[in-house]
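Structures given as structure tokens follow.
In the two complexes below, chain A is the common chain; its partner is chain B in one and chain C in the other.
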Partner chain A sequence: MPLSRRIERALPNALGIGLTGFVLVVLFGPVLLLALFSFNDSTVISLPWEGFTTRWYSEALNDDGAMSAIGHSLVVASVVTVASLILGTLASWGLTRIPFRGRSLVAGIHGAVLVVPWLIIGIAGLIFFSQIELALSLQTITLMHIVVTFPLVVAVVSAGLIRFDPSLEEAAIDMGASQLQMMRYVVLPQIAPSLAAAAIFAFAWSFNNFEISFFTGGFEQTFPVWVYGVLRHSSNLPVVNAASTIIALAQVLLVFGLWYGMKLMTKRRGGTDRDAAEMITGAVR
Partner chain B sequence: MITLSSLTKQFGDATAVDAIDLEIADGEFFSMLGPSGCGKTTTLRMIAGFEEPTSGRIELAGEDVTWTSPRRRNVNMVFQNYALFPHMNVRENVEFGLRIKKLGKAEAKERIERMVAAVRMEGFEDRHPAQLSGGQQQRVALARALVNQPAALLLDEPLGALDLKLRKEMQLELKSIQQQTGTTFVYVTHDQEEALTMSDRVAVMNGGKVEQAADPRTLYQRPDSAFVADFIGTSNLMTIPTGQRAGEDIRIALPAASPNGEVTITVRPEKIKVVASEPADGSYARGTVLENVYLGSMTQLIVEIRSGERLIVHQLNDEDGREPLAPGAAVILAWSAEHSYVIPEKGPQ
Partner chain C sequence: MGIPTTPQITVTGERPSRLSRLLKPFAFMSLPTAVLAVLFLIPMGILVYFSFQYGDLTGQSGFTLSNFTDTLTDPLYREIALATFEIATIAMVAQLIVGIPLAYVLAYKAGRFELPLLLALVLADELNPMVRIYAWRMLLGREGLINDALTSLGLINAPIDALLFNKFSVIVVLSTSYLTYTVIPIYASMKAVDSGLFEAAKDMGAGWFTTFRRVLLPLIAPGIFIALLLVYVPLFTDFAAPSLVGGTSGIMLGNVVADMVLQNGNLNMGAAMSFLMLLAAALFSLLAYQLSRVKGGAK
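Here is the complex of A and B:
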């Protein structure tokens, strides 16, 4: 093959690889750089490299403020996940299966919450709680987090339910199943990927949220609010960096674990990798 | 026995099913046939319990089940898209109804094995629906419903998604499973050939009403309405004014005891012969061939007779080397008096 033709054929591929590489670097470069510097034996995040250390990690793990903030965030995110999953699934069922007047309006309101900036929701929450004279605490943070994660769960689970063939529900009832048995044996196993995706998103949204937690939180801080607080002293930077790296790694592992689990599940049902991808992206669509 | 009495279903202003009366006997293969929107699927879903009738009654084995929940009716349904549970394998799918009923392990196992064998799916018990072909999924759906030993099996166009050859095979198989188990089958289809092939009786439906419910032979030979005559097979419908229509080019002889006044008759295409000269008795018409279509075992002629009507004629290709009649050829068509079937006057609706 002449060289010119070979270049012509290879060009789109090379461009594709180049573009993908660029996007990956822009997306993950800064994060990886921070992770890298969390092992640098210096309080300044910049070159030159002063030597490898795990000092910042042991400091982070022994920092009471960091640990209690992470603990608070875990508790809040767990409660938020469970509550919004239950409420959101029930709402999705109503929105996709029960015809009622004004259904599309109600669905629209759910969607609208998703595009309101968290800053505004945070400030609104602050005004609301001070109006009803409720002291700010982890509970008020939890409540306001549910406000934003609940519509997210509704969107994800509704997408799963819409893709779910209602004749499967009729088939279950036809064979004598009660509503509860139909839910337990037919619907839930089918929308499990959507529920898992919704749970991951709800947890991550709540755990990573800063704006709402900042405005509606009291004395007890969540992790992002703690980060914001201690960063006012630059000497704290490496510790924050180490703690953030641990958190980011845990979240990445969690998502990959889910992805792998779903792949196994679809394989067992005779599906392909594509089906698994479709289940997750379908849940998000 | 399934008895429907003046069963009616309205969706808003539209009447989907209009006061139909039907009796379906035990062990019968009963089809509901009609074009889309004729109310056949709605009727089936009312028998299953998924639609509530606006008025009327449904009885199963003498018991009024009009307002009984579908889960408590001793009927099972086979859905158009099979509706197999994708997260369960073949055995778990078939087992589902028995698990819900909490049937004993030993009896459940025995019934599942027998049913899987009856639909010839042995060896596939551990597969998931995604790993089965359309025909196999269909058979699993059948086993899943029949394992519950329902008083009647309701089938909603179950072969609609299969290709023609597989459909023909499944038709015979369905019929043989029905005879083997002795279960009443209520079968909804828009395919008249399918209905005629399998059914003991067929209800031809149109506009939410039952036009005629009868065995296939009666439907074909003695249709109660022009709609039935037209829907079942090919038919030549002609309206004959008062008295016999007779002229130089045409003579229509009606069977004895035909009503006076204007009548509508139907003549089946295979009853019409192409002859050399006007017959001494019976009907004949002179015409011109418009088109001939070779259909393998027969040739279909479209002939325009002198009155302007077009008749379809089927000639069996039972002799080699016979030249087909070319378009433009002048022909004489003849049929006997009893093959002019007079469609009964409909009573006031």
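Here is the complex of A and C:
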């Protein structure tokens, strides 16, 4: 093969690898550097490297603001995840399996929540709570998180239900299964991976949500609101560094858990990586 | 022998009664719909109502359009709206320039790296947005790592101030924050395209650009539409990134609305601004939807 042809063949691949590498560096490089510098023994986050220390971590663990914010976020995200899974599973079954009048309108409202910007939903929530005279707190944050998060669960779980043939459910009923048995032994195993993915997305949406927590929260701060406040006043940065690294690490582990879990589940049912990839993209389609 | 058993099966399969046809949707849909009504529809309704009301300082209130006229005629807001448009558009175009080829690589070229790369994109989105913004600030600042590295290498004499607290830094942060939502819909629509079409186009003498423009682009138009809906619209309302890395020149509409509500406590003006943004978003979505249908239909 002449050299020019060989270059012509290799060039697209090189460009592809270069592009992918560039994106990975831009997406993860800053956070990796942040993690690295959380071990730097200096109050300012800059070169030169002053030596290895874990003192910012012990300071972060003893920082009331950081710890209570992380605690609040964990509690809110857990409640939101459970509530969203219940509401979302109910709605996805209703919207994909039961014909009723006004179904497309109800489905449209579920979709609308996902496209209205969080800033606007946050402000609407703030005005709403002030009108019904409900004091802003972790509870109001949780309520607003639920309403923006469960439609995401609907999107993910519906995508799973649409791909799964409803005649299997009819067959189970015809063969004498009760509604409950059909749900337990036919539907649940099929949508379990979607439910797992939806749970992780829901948790992350709530945990990472800044706009809505910012507007509908009171005195008790969630983690993103706490970081925002500290950054606005540029104080105590190394502690933010350490706390952020802990959170980022936990999130990396969670996503790897998701990956591993999906691999296991799809493999056990004879699926492939393609199925797992489809599960991720199914939510946005 | 098979014939008599057939009616038996249809008999055991229960026919839904009228009552159960009414009760079943109610059982599944009442709770989710009630949550949406109380916590989404009613608050949005109140927001719209508030945008047409005036002052509550003296206790007086009533119908007015001044919130809208004040917002739309203020030259400062117009300037910020223009800056917001500029920032959001550059960030969106930058993401498409990187995102479309990346989606292509993922969909057709990545092979066994497809799933890990997809998960890397998901992970990038799951990372806390505040942590990400903070990481960029640490890199781009006057005493940030990039300036530090460049000065200690002797490449520059004085730190570059142009990296942080301006439009540039907001664009960098926003483009990297939303990239996942740009790439995944486009990737998903590419997965549905038969790659044999590219071979066919090549055989018929089309170059890569013609193939892209005439074959691939019309087919992935719906994916690009979803990407625009998921990314371009929220870009206009983002306020965490501009308020943390935007300085004074990188202020966006989100900051104006947030300040109006939280600093000035003027809920009516804030509501009117939010309503205007919502209208603009709805109009844009409709337009993008129409365009994607025209493109998609052209094949």
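In this section, the second predicted complex is superposed on the first by the 275 of 285 C-alpha atoms of A that agree within 3 Å, B and C clash if a C-alpha of one lies under 4 Å from a C-alpha of the other, contacts with A are read in each partner's own complex, and residues count from 1 in each chain.
The definition used in the following text is that contacts are C-beta pairs under 8 Å (C-beta built on N, C-alpha and C of every residue); 3 or more make two chains touch, one makes a residue touch a chain.
Predicted model, so just to flag it, every value in this text is computed and none were measured.
Legend: residue contacts after superposition of the two complexes on their common chain; A:Ala171 is shown touching chain B, with no touch to chain C.
Of the two partner chains placed by superposition, only chain B is touched by A:Gln181; chain C is not.
When both complexes are overlaid on chain A, the residue A:Asn62 reaches neither chain B nor chain C.
Look at A:Thr43: by the touch rule set out above, it reaches neither chain B nor chain C. By the touch criterion defined above, A:Gln190 lies against chain B but remains apart from chain C after alignment on the C-alpha atoms of chain A. Between chain B and chain C, more residues of chain A are touched by C.
When the two complexes are overlaid on their common chain A, residue A:Pro30 makes contact with chain C while staying clear of chain B. In the superposition on chain A, chain A positions 170, 173-174, 176 are in contact with chain B in one complex as well as with chain C in the other. On the chain A side of its complex with chain C, the touching residues are 12-13, 15-16, 19-20, 22-24, 26-28, 30-31, 33-34, 37, 44-48, 87-88, 90-91, 93-95, 98, 100, 103, 106, 109-110, 112-113, 115-121, 123-128, 130-131, 143-144, 146-147, 150-151, 154, 170, 173-174, 176, 204, 207-208, 210-211, 214-215, 223-224, 227-228, 231-232, 240-241, 244, 247-248, 251-252, 254-255, 258-259, 273, 276-278, 280-281, 284-285.
Those residues of chain A whose C-beta lies close enough to touch chain B in the complex are 165, 167-168, 170-178, 181, 185-186, 189-190, 268-271, 275. Remark: chain C residues 9, 12-14, 24-25, 28-29, 31-33, 35-36, 39-44, 46-47, 50, 98, 101-102, 105, 109-110, 112, 114-124, 126-139, 143-145, 148-149, 152, 176, 179, 181, 184-185, 187-188, 191, 226, 229-230, 233-234, 236-240, 243-244, 254, 257-258, 261-262, 267, 270-271, 274, 277-278, 281, 285 touch chain A in the complex.
Taken in their complex, chain B has these residues touching chain A: 48, 50, 69-72, 76-77, 79-81, 83-87, 96-97, 100-101, 127-131, 144-145, 148.
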